[in-house]
Amino acid sequence: MREFPWRKILLLLLFIYLTFFSVSKAIETEPPVETSSAVQWFNPQRINVFIILILFFAFVLYFIQRAKKGESLFVRRIAGLDAIEEAAGRAAEMGKPILYISGIEDMDNLQTVASMIILGNVAELVASYDVPLLVPICVPFVLTVAEESVKQGYVKAGRPEAYNPNNVKYLTQEQFAYAAGVSGIMLREKPAANFMFGSFFAESLLMAETGFSTGAIQVAGTANIHQLPFFVVACDYTLIGEELYAASAYLSREPKLLGSLKGSDLAKFLIMIILLLGVVLESFGITKFSSWFFVQ
Amino acid sequence: MSLEEGKIMGTEEIIWNAVATFLTLCIFTFLYKDNPFYKFAEHLVVGVSAGYFAVILYYNGFVPKLITPLRQGEWVYIIPAILGLMIWTRFSKKWSWISRFSLAFYIGSGTGFAIPLYMQNYVIRQLSSTMLPVGFTTWALFTNILIIIGVLSALIYFFFSKEHTGFFGGTAKVGIWTLMVGFGTGFGLTVMGRVSLLAERVVFLREYFIELKYYLYILFKYGLPLS
Amino acid sequence: MNFYEQIMNLDRRWVYLVIGLVVVITAIFPFDVPLYVTPEVRSVYDYVESLNPGEVLMIGVDYAPEAMAELHPMSYAITRQCFKRDIKLLLCCLHQNGPGMVEQVISQVSKEYNKVNGVDYVYLGYKPYPSITILAMGQNFRIPFPEDYYGTPLDSLPMMGGITNYDNVKAILNISAGSATEYWINYANGRYNAMLAIGVTGVMTSDYYPFLQSGQIFGLIGGMKGAAEYEHLAEKGGYISREKDQLSAYKSMPIQTTTHVVVILFIVIGNIGFFLSKRKKSRI
């Protein structure tokens, strides 16, 4: 017996409602209203912010606890990370080095921290392939962290003797001078792969374009939105924004990183549900739900 | 004529604008290749801005916020002064642990101010303004559908707890296309911004050479340098 | 190598040369460009028009000389409009290389309208750490700025009588090239509900449209095009004039137009070359 087409009927009804009966609401920005603030211990108009913040903290702490207990938390594979292994294999075949660029910011920038975690994993991978890993550094303090990351990577791969400290070197802290130095390394050494993970600014396109011209595989990742278009056009794979942090959590399996990632995923899921519910209710003219989220 | 009210530039203005013109052209030489003129201009701007910042910081930050209150007997400012000095211990391997107290205070208070407000302004306010009615009766309602689809699909793209397969993967693809449209917009605006800077510099060069022409004409015809 | 392969492998310096020639030729032979004024720029202009003489507007000028091309025209146009309408200005600077920018604007425009420091305008000066400064100003301007830029105590300035914090200014216009805009939105508007409009560089414009849509800012002047739109409105209102060479952003619009056309042409040709060469490779 054929199943009654409930879904099709509901979709048809929804379509008819939206086409002929949906509520039209002014979406232009309402005229600005002047308000004033006053000192108080607790602002009841911000209760919604308080509740949502507590929920978010609860999600993150819950998942961090689960990760610390050793539970396996699923994180999907990031596309660019597959390319790293492919690039290492290609570099071994061609007998060429791999270039790793960690951005131009100091260790107080989260993107640089994520980059160092990825560097350790890349070092472990290239050590097993016996491929030289060149790491030019922009900030002096990052040099010590990078040296340690690379050395640990080689130790984990069981190849401590293959670690060459001369391959991790400080160039300059000046932005375009650093870009010029990195471009020079790309043109001279002709690496098989360029990895650019971290915080970049205007020098990003200079380096990515030079790397493209040498024919290297390029994988980049940054959370600086303005540099993403340049990486997207010049690189083979780009980790966009949060994917950079997810990659560091995925590779390191560090409980705090994993827990934060899963907690924010749950928060995103909740936001999607709230948004859908709000849109449906607004379309039927019910504004009480969305008004709870409006901050005075 | 000059930028200001039709007056011709005086000698002092001509000289200083000549310096600005020379440095502008030095920077433009980088378009061909790196060279000593470009390096000179770049190092000059880095040095001057660092020196300028140091002086401004001293007279606008250090003096009014520390030295003047201490001179006026407000001894409570000694506490932030000591916290500030403790950060300098970062340069010593043996004593760098002391800087952690100052950093903890700075990061803690900064985070405490920032997190609730970022949650309020970047998440909740945006969430409430994205709850738009949708429909096909008016163009505005129809474009709201595009906004909702874009937001949801982009959120799904950044969802890491599920593989991008099936319907979920298809939605994530829509999300990445939405992001690419956004990146294209950002790229276009970046090009516009950079062209604006170039346009202003070229207009400056054009006006300077016109001024220089008038100045030299007056100088050679009447032999009088303008003040 | 066929034409499209040659284009794909073109030395970038030829592109620079073509762009340079287009810019120079347009600068020598400029033409009038019709301007469409966007609602977000008009809302800033209309708000300033709605203010009464004697009311106080706060302008946060947070940019350095590298952003002068896009943001200086906005600062000049808004300041001239305010002074002509006898609106009092409270200015501050939160960018370390920016104090001179404010000084240049205010000293030039105040002379044009015979405005007196301390009576018609007050320039608070520069303080580091924008987030802390903006938070402190929400309580009292005198906390981060006990004196103005020229060293005069704020309490001795006639204009500052009765002005304590954001509640006493009608709105804040932030003209910025960096992260200061984020702090103004988060702290001034988010915490203290101050009315806020922003003028930003072209690169940053797209980042702030969500805040315009959500009502956190009531106006947005984006890049040199936005500045040209504001100048166009100010010229129509009689606040600035072409004869006095006060439309600096509008002057650059012909160059913007021609350069954008050339860039679009290069993008189209480059993309055609890319897809044709990709098709050729897949055949091989």
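Letters A, B and C mark the chains in the order given here, with residues in each chain numbered from 1 onward.
Here, a contact is a pair of C-beta atoms (placed from the backbone, for glycine too) under 8 Å apart; a residue touches a chain by one contact, two chains touch by 3 or more.
Not measured: the values here are computed from a predicted model.
Undergrad: Relative to subunit C, which chain has the most distant C-alpha mean position?
TA: That would be chain A.
Undergrad: Name the chain with the Cα centroid closest to the overall protein Cα centroid.
TA: B
Undergrad: On a C-alpha centroid basis, what's the spacing between subunit A and subunit C, in Å?
TA: Subunit A and subunit C have C-alpha centres separated by 31 Å.
Undergrad: Would you mind pulling out the distance in Å between where the CA atoms of subunit B average out and where those of subunit C do?
TA: 12
Undergrad: Rounded to a whole Å, what is the gap between the Cα centroids of subunit A and subunit B?
TA: Averaging C-alpha atoms per chain gives centres 22 Å apart.
Undergrad: What are the residues of subunit B that contact at least two other chains?
TA: 120, 125, 128, 186, 190
Undergrad: Multi-chain contacts only, two chains or more: what residues does subunit C have there?
TA: Subunit C, residues with two or more chain partners: 190-191, 203, 213, 215.
Undergrad: Can you tell me which residues of subunit A touch two or more of the remaining chains?
TA: 225-226, 295 - these are the residues of subunit A that touch more than one other chain.
Undergrad: Given the complex with subunit A, which residues does subunit B contribute to the contact?
TA: Residue positions touching the partner: 34, 42, 46, 115-116, 119-120, 123-125, 127-128, 130-138, 140-141, 144, 148, 151-152, 155-156, 158-164, 179-180, 183-184, 186-187, 190.
Undergrad: Under the stated contact criterion, what part of subunit C meets subunit B in this complex?
TA: 13, 16, 19-20, 23-24, 27-28, 64, 66, 68-70, 96-97, 99, 108, 125-128, 131, 135, 146-147, 185-187, 189-191, 201-203, 205-206, 210-211, 213-216, 222-225, 244-245, 248, 251-252, 255-256, 259-260, 263
Undergrad: In the complex, go through subunit B and note every residue touching subunit C.
TA: Those residues of subunit B that touch subunit C are 1, 3-6, 31-32, 49, 52-53, 56-57, 60-61, 64-65, 110, 113-114, 117-118, 120-121, 125-126, 128-129, 182, 185-186, 189-193, 195-203, 205-206.
Undergrad: In their complex, what parts of subunit A are in touch with subunit B?
TA: 17-25, 27, 46, 48-50, 52-53, 56, 74-77, 174, 176, 180, 225-226, 228-230, 232, 240-243, 246, 261-262, 265-266, 268-269, 271-272, 274-276, 278-279, 281-283, 285, 289-291, 293-295
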